[in-house]
């Protein structure tokens, strides 16, 4: 009979063997980082919105400036009752909010935080893998909308499908511009190629299209049509309560995290940046986190400045304006690659 | 199972229970989510409370669109018979630990419409936790109502 | 500033409908009140809209004179040109409360006629959908605005 | 609209519990995103005010009628009080009329700000402007508290004048508030009317032609938004509006953007009116005492007042008792709601346009329900 401490010792040396992998999965680009980012993003958005509305925002939850507010929300929701509508499809009703954050978090494993600090190299095709995984994400609002058997959610899930059509193609085309500049699909090589100059300068048009595509994919304000409170109560999240509702809210912020990380790797030179007092690994991660903070702050700023598009306007923007600009950006990339290769 | 183990286990369970109650009570206290639901004529005053000067979000009170996620059903202003049937329906759709709050003199005892044929009192419809008198009550009175509700929520975990 | 426009309007009405008009008078500047026999209501209304340009409907009301056992239905009309308010009145017996609906003349009286039917029980013949507008769906408490409806009697709903 | 078989038409109900619907249930028949017809189901706050007022004498009656539109209390109380004065045949002193005009115009600003904020919220959850409008109401509420004692339902108008005198100490504070408010109006214009996304959401959405507006009975700013210049303050000047010069604002386009622009410019106009009223307000008595137990002479009176939502009329009939025999209230929102319900038959409406159109009419459902 295998004794208890034998099992423990074998598990321990398995962990010691590939310690780096466990740190990556559990700590930095993994679980702890995502949860901390979601908590901070929720607090930052509520405080930032309150400032824009000349208000104070959450204050008494954490004595200093309400920084424990998301934790208070989580504790309350954790003990709330989960209501499943009687004529809803039970299995799909539970499935959709559970898998959505998983899928969106899955895309973060491909993002390099340092030259050798990436969970899965993707054998040279990590950009295509990223788009393949994130292409699954709009599927789950459809399932949730259909399963909760409510008129608002059906309309909202159809709108998610429309929005995904409008935003996917411009995103892919602008990513093609970057691939032409570097000549490879591997995210690490893309970041290495930006050591001299970030791609936002030569591929500026592509950066704009990609940014608008991010807003549409992660359903941030000018494009938060599927979750339009004013028309369809809470979009496809209407019927969820308790921990399922918290999972859908987390999915929104994880989507924002994964798409802004991709924007940083493609256009803002990933982990490039001056090495700070001799520790390359930490400084690389530091630069990624700084760029991430700046980018998410800008995206959250949009919530206070813009009203919302109609779904037909969003599709018109996606097809009529973004795709031609993306194609023009591809031509510019080709010209830059052939005639002035020295810039990159 | 010796007597000593049993008492030790009971002590451990009791300590865990106290800690659990404290934490969950604190969590629920600072995250009371009312639903977007206005029943009567005190609603401009409730907007002022949600506005910048009185700002109920300091206490973590964030109005949410859907009734499923709400845990406070706030009756703001006069409650007529037609609205009362909807309030009853909403009360049953809300997820447990739910609380109710009646703002204004009308839900308490019909206020200035004491002899109207279509106004009802709030406690004829749903069990109300906190009443805030006034027509319309001052914003400070509404916030005090929320604070009383918070104390009640924290103790009644 | 006198009341020439109002007098001109009354002359025009009187000349066209001698027998239909029971009484027509100028209450004060910019206020005219004419009482029309019930069966001639439709022609007078069409005349007012086409010839005298009373095209804007303010609302429709009724008064219950229980002592004289009659209802008085009042159409409040406004002429957007001369900016004069005209009250088109007609008296109907309390036991047979029927009056022709003027919805084909002015489309905007739809909701007002439904409300008057609901409050007084006066049926407007020809109205496409005389259904509940303000009272709850399951209201059997009679017609509230009639004088014989006791106040604060809450047996309805 | 081709007649869709009932299978394809989906009826959505925006019940009383809905972020965008106030105390009303709006049934919308849609085919996909296109809206076939809108049916407002009102009556959720029907308190039977007309029946209650038959049980109140003329001084008590101000309290229930004021609660019809809590945001715009003064204008409605004014129409009730003017009807009572017309029956009694008395004329309030000059100073009381000036005080009444000041408070009515402040109420118009408060009400337009509220409608403005809700329209911003309807165009796409644009919380900043809604909370700005809530913030900009606070200084006016403080002033009203100084003059009348309460923030919202003042009960300040009494047949024969006003309840208390206008304290001269707060004249400078009043004028300072107006200056501050004009800077804020400038901020609204930059942040809101020049916002491209709002223009794309509100321009030529819900177009109401002038003849449709009159035929369907639109009221107030919605009528003036389609180019029809009907304003009771100019057509039938009551109180001291004939001694104050101001402009009736109309916009030719008649879409949601135009209606909001009319409300915005009316706020600018109201500030001018208040300034003139404060400057040339005469001194003298502020009230001619009328005892509430006085028997009303037999007679009737129909008083018209331009509230923020449109023209409201109170028809008071008295048979000689201390309590009026019958009071008929002409509510502007009931007319506006009928226009909204006929909108899909006039222009093409998408589901996302319904809140924009509905809140460009600035409905207040308690006003329609009475």
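General observations
Per-chain numbering from 1; labels A, B, C and D assigned in written order.
FYI, a contact is a pair of C-beta atoms (placed from the backbone, for glycine too) under 8 Å apart; a residue touches a chain by one contact, two chains touch by 3 or more.
Just so we're clear, the structure is a prediction, and the values are computed from it rather than from any experiment.
For the pair subunit A and subunit C, chains touching both partners: B, D.
Path length between subunit A and subunit B in the touching-chain graph (shortest route): 1.
Looking at which of B-C and C-D shares more C-beta pairs in contact, the answer is the pair C-D. Note: the chain lying farthest from subunit B is C, by mean C-alpha position.
Subunit B and subunit C have Cα centroids lying 46 Å from one another. Separating the CA-averaged centres of subunit C and subunit D is a span of 25 Å.
Averaged Cα coordinates give subunit A a centre that lies 45 Å from the centre of subunit D. Centroids of subunit B and subunit D (each the mean of its C-alpha atoms) stand 31 Å apart. Those residues of subunit B in touch with two or more other chains are numbered 36, 51-52, 65, 80, 82, 115-118. Counting partner chains per residue, subunit C shows two or more touched chains at residues 135-136, 144, 149, 151.
The multi-chain contact residues of subunit A, meaning those touching 2 or more other chains, are 53-55, 229, 233. This structure has the following touching chain pairs: A-B, A-D, B-C, B-D, C-D.
The touching residues of subunit C, counted against subunit D in their complex, run 27-28, 30-31, 55-59, 61, 63-64, 74, 76, 78, 80, 83, 85, 87, 106-108, 110-112, 115, 119, 132-136, 144-145, 149, 151. Of all residues in subunit D, only 42-43, 46, 48, 50-52, 55, 86, 214-217, 228, 230, 235-236, 300, 302, 304, 311, 313, 315, 317, 325-326, 328, 330-331, 334-335, 337-338, 342, 369-370 touch subunit C in the complex they form. Against subunit B, the residues of subunit A that register as touching in their complex are 46, 50, 53-61, 66, 68-69, 71-83, 229, 233-234, 237-242, 245. The touching residues of subunit D, when paired with subunit B in their complex, are 15-19, 22-23, 43-49, 51-52, 55, 63-64, 67-68, 70-71, 114, 131, 134-135, 137-138, 141, 151-153, 366.
For subunit C in complex with subunit B, the touching residues are 135-137, 139, 141, 144, 149, 151-154, 156-157.
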